């Protein structure tokens, strides 16, 4: 049922050409999804400033270009995740102010101003090798409006480095803990903090690490409460989840 | 939006107390789900004769009794799967014509006549130990309106038993192949037939069988095309899927 | 026992040179397989129009060329699945009307007309990245005689897109649901439909996706009944299974 | 180093009986952990109203009684999770106002008033069998100060039930999605909402469910962003994580 | 086609009432499976002395009794594997000379004399706990006609115990190596011998043993060549496989 | 203790320069391994005609050349398995009569005549893609003295192809069944034969095949008795195991 | 070759009744294993005070009684691990001074004095539920001669408890870290210490813990160097390994 | 709190400008971690001669260069593990005396003399292909001050090679057993020795080896006591753990 046919139906009601009971019956069976679609779309428009996200893997360059072009028209911000340098090179002509974050493998095009949150996200990471995933979390959260700080290379093999920065954990509202190997960082951070902790296992490691499975299982079994886990290497997901929490803090602070 | 409020809205349209454009806007945002709910419900009522299904595990006896009682009121048929003898004993007073199939662990209460299909389902099973799962498929498909035949104990270790019954495979429209151990039955049946084959791995086996994983993987990797797989021991699912195929055959035969 | 020796035996029976009982004994032990082979072969010939299928992986170019050439002689249609562009280039000289579907990685050579079914298959897919697997299902089903429609990019993260197209599900006789990541599409489609649903998990995803295992397990555990699952990325298998169902519908519609 | 010896050291500094440099050296090597311990203890005391939590499995009845008694002295609230009815019977004499939630398998003893949050947690669950895990989340979050609402039995096999309650998702600040089988609920809820979603896979299912692994992997691979996952059946962890988010909302709302 | 109808057909050929070509055509399509069945049956009868085997798990007592009774009539030997003491008690009235081997969990009823092989099977086992599986292999091989010797408790943690018995390995024609834990016995035995070695992993162990998976994988990856592996705890299978080898040795020795 | 020092000791005994008891004591503690080593070496020399085997993966070209050269000196036959074409090119100058089997990835250098067995090995394989593994088994068994026959492309999806060749199974003493995908071939062959069956799972397949795991588990769980399994793709191991069986048949036939 | 026959051979040498060269030949082939056995036995006797160990699972009460009785005769100490209370009750009459450690599930019978080491083992454990495994390590190490200290309930969720006891880690020569859940304790202890750390994963946990797999993988992937891992719940193995290290320290301290 | 501010605080105490109680309060909350950090640093300085270790994977060339340069300034020894030839080429200009061990993939720069231990480590390996991992263990242990010996190519398929070298095991204080395939070497070595055994599974193998999982599980389940396991291919970790044991032996030998 298109908007036109809905208009026709209501006209018929108005003109008495159709019984109200009969109209109700038709409306009941109307393909609600179209209306629902519009509704959600409308709803989305309210959230101005939120970027539309493109997950690049498995998409061809022409597909990615096409999606970017269609969002450019809508004047929304655009965040492309898991974007290789090659993808960036292939799309960078689409917008003069396109930004590329190579470590985070993220492309960003700003068309609307981002209002930064007062509440803060702290991204903590274990080793140097975990930094790309941590950076993906940082860039994602920032582009979704969060104020983000970094605390890197504080793995539990040298626990004093983490302890020496406990005040920084205390100052954040949400903590993202990024770690590979055995993923113990999430438990230690969770034990040191009563903030929501988002744990990101990374695939850094080898052998019985099984591509991040060791860290993933460790984080799911954390003896510290208050830890939510995202997929292996999913810095984007962690940044996104953090932004939903920060958003609730901001919305309810008004 | 309840039916009442919808009536009120349409009355306002009729009476000119609200602009059609405005009404459209309201309808667009109306919580479509309620209507959708009603619609599907209505739709379901058309399929008279179809039992409502209760999956028993994890439900308490009082919960199961409650659900049965509410369906009894609606005068629909009831099929309770994975129902232990204990459950049957605890609910058998609810309906005088309640039936219990101990091997299939299924309870059935008929309130509406089932029209049997002309198209046939053949349930083929490997060993004696697979029979309970096979029977679950049989009872499920029968109560969902299928004409069902059994061909049991024709495992591939004695391939001649299966070959000797090839004509029975040829006479069915849908074949369900139930097997544990290495699950090779599905491939052999699939190779002998150009009918849709629904493969049910069972947990019969031990050691590196890993609770039916061996048969499951084998069936998913069948070198015969045209095989769809359901969960381990899921005789119910196989019977149900068969019934949807039979139903399409019957519907389109008219 | 060749046809010649069988003829000799029967001549001996006719001429009384051998006792009937003795002939029976010989026939009992006759290598039935040769006859069986012929029989099935014969049976296969009836199904004119059905393509012979070549699964390319693990076969050398000369092997593939040889198989194609031998089928060309038989005047059957040929469908080569999992055929890389390189394979296509290496065999395209074999038939002037050879077709290549790059997304579906399928080669088709038509030698006999395909009669399209009235019954319809709807191929539903989750994300853009799932399209190659979906296309493999589409091409396979079409070349096996099905009328196929596509409904792509209706993943559950934006459930309204799927709901808005529920009527298309309603209009099909068989639905193929193709999805990677968490594979929830199969459950939602299964819940919206009482048609047979063939679920195809794809390997799209990363980390704890484990090459499609996440979607595979999800689909096998679908809370919606009536879902049969094929192997990860097995668009071919889904298309083939759909064609066996459609075939039964068509055969029984006469 | 106790507070006494620290006092003595400082007195010595004050009296000039020890060089400042020497005192620094001692302080540098002082077992900082004791102070750290005290500090955290002190810090914990500020969070009055927060229960101390006892994870019961693997603890003997005498151990559990001992821990409860020691907390009773401190006048803190006590939440014992995974507490069987047998444990409850064995400890219920310890406090007259002890409460037991059998579905949630939780014991609570209130000694300090809990101030309820304005921000709300909505606990959504798939099937009847998931309710015990959902209730564990509810009781945990409530005892940790959250206002909690329930939305049960809205699994994706009947998507309309969930859609019909979308407004309830919209009214909460945090959503907990509890589901077994294929765990698709988390993705659908995540797609319908821009709130933080905490996904709890349950072990409800059989066969290729592998004790909740299917739902766990599905939730980790959710195509909806903004989903954090806790361990299988970990209703407690979900409730706790929700409470840390709610707490940040409340703290920053002042 | 029954034997009767085959007789009728041949009579028709003899009497000239049917063309030979026509008869050939009919025979070509004759349901070979029935003849095949008979043939194989016949073939089986030649192997007199071989027991018919009943795998007990998943079969009910009445089913097992029924199968035993039907074999008793045929005057074949009967070997029931995985037979609990309870099963033995329930069937022991069926034959006066029934034997029960509790460690091997095997029932045997002799109706035909077993001719013992000259070639020998040596069953080697690692620890005391592996003995039940080893005994299952011993009893199976013996009842299938093998001369069997035992060499138990020679695990690799005390390699001298095995080395001190190398001559016993040298004197056998087939070696069965039964071991749990890490299953290294198979490799060491394989390295010491140029006989066929059948490796049986047992489920003895705990933790990362994963129900025998550790030993299974070790045996499949043996650095010693000439090792064939059977399922975890499958003493029966090892004994059976050994008997097929011994049988070939005996048959070809004549 | 070298042979020299042993000679000296015995001379001392002979000359009465050392007490027998004392000599016994020394001999008791003599590093038996050296003698043991010699003994085994000696034993090996008896088995003239047996090739020494080189497993190439993980070895450098110089290492492989060195090993070949040292065996050439000993005038033994040499079989190098898993030898890439590159390796062959790098070593082919070492012996004028070097042979390379590219499908089997095997190098062979004959220095001693191989006496062919009368007993036969039949290598059965499922699909065209399994041939390289099957060929590895063929070449290995042949070079170890077996008479080998091939029966390829008789996968269970077209069971008649296998049945039509049952007599070839009957004529062999040992059967090797090579199959990927779901590995059902081993069960069907095992069911058709009472010969020892060596099952070789191959890694042919994709998705839930998990690199041959599906076929491996299927073969370990074969419902046909008398099947021994080797590692995935381990054609060499199957050929070797077959040769140990054939060897026992030949040795005991004299 | 027994000692008697060796004596006879040497006598023959002495008397010139056999050539030395011939005697060497015989000795070369002498079943070295028997001598080797004696040798090792002798060697074992030197290690007086070391208990002989009985691993109880899978052994019957009579078997355990028999083994204990045979060791009692040898006057060695006896340590029975994984001994249930039931086993203890069934064997306690065998020795008046038998000791039972119920938490450690260990039986000990002292017949020879144990000399305690100066070097110390510290057993650190995460939670109350890990204590049984920790106690198994303690009892094992103590009975093998180690001086052992306990540091329990210092899991990483409250890292200060561990830090406050760092000096105790500093005072030990070997540290055993026992932890379930995510097993992070091993990494943190490893990071705080430059002593050998033996990590024992426990099966404490649920869901994605998979019976201790999470802790096991975490410990194997520890970002702290110097950590050796034993099997899940293997307190005995950790105690034993610690004792071998302590023993080397003691032996080399002299 | 820096040392300066601590000095200021103590001066204030001395001068009476701050109450002792107040100072205690400040010290209690002082960021102990900084002091703790210094303390550990100080402690580290004592261990002169110990190299600082760089784990190369996941680090960029500039990062590795930067880390090396900063350690060069501190005049510590440097050990870079998992360093490819490419990395070596890119950093070799940083120090004239840089050494590269290509098999061990290790870079070493000596700035301080290494005092070799009297106690010895023996590195035992199974096959030629395991040598790179074994060499990583050798180089690591040597650079950490251990005297190391090699015993290579003594896999259990030819057990005599190992037995012939038992005296070398007896002469070492710590044994590292490196093996791929089925990893049985660790059990055999553990059975032959009462020294601490560090087991290193390697990823050598294929098929059901699953990248070293087979050897890993075997080693964790070793029937020989006294075996500690490190991650797959983790020669570095084994060498490091060995050095911690050797170090305790040396320290306590004084």
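Letters are used for the chains, namely A, B, C, D, E, F, G and H, taken in the order the chains are written, and counting of residues starts over at 1 for each.
Rule of thumb we're sticking to: contacts are C-beta pairs under 8 Å (C-beta built on N, C-alpha and C of every residue); 3 or more make two chains touch, one makes a residue touch a chain.
What you are looking at is a predicted structure, and each value in this text was computed from that prediction instead of being measured.
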Chain of greatest Cα-centre distance to chain B: H
Label of the chain whose CA centroid is most distant from the centroid of chain D: F
Option reproducing the contacts of F-G, where over half of them reappear, out of A-B, B-C or A-G: A-B
Interface numbering overlap (same over half, different under half) for chain A and chain G: same
Geometric centre distance via CA averages, chain E-chain A, whole Å: 59
Geometric centre distance via CA averages, chain E-chain C, whole Å: 38
Junction residues of chain B, two or more chains touched: 32-33, 36, 127, 158, 163, 207-209, 213, 216, 220-221, 225, 231-232
Touching pairs among all chains present in the structure: A-B, A-C, A-D, A-G, A-H, B-C, B-D, B-E, B-F, C-D, C-E, C-F, D-G, D-H, E-F, E-G, E-H, F-G, F-H, G-H
Residue ranges of chain F in contact with chain C within the complex: 127-130, 158, 160-167, 204, 206-209
Chain E to chain H touching residues, read off their complex: 126-127, 155-159, 163, 181-184, 186-188, 190-192, 205, 207-210, 213-215, 217-225
Of chain H, residues touching chain G in the complex: 36, 47, 53, 118-119, 163, 173-174, 194-198, 216, 220-221, 225-231, 236-237, 240-241, 243-245, 247-249, 252-253
Contact footprint of chain C on chain E as seen in their complex: 3, 6-7, 10-11, 13-14, 16, 20-21, 23-24, 27-30, 32-33, 35-36, 38-39, 42
Residues of chain G that touch chain E when the two form their complex: 31-34, 36-37, 40, 55, 57-59, 63, 201, 203, 211-213, 216, 231-234
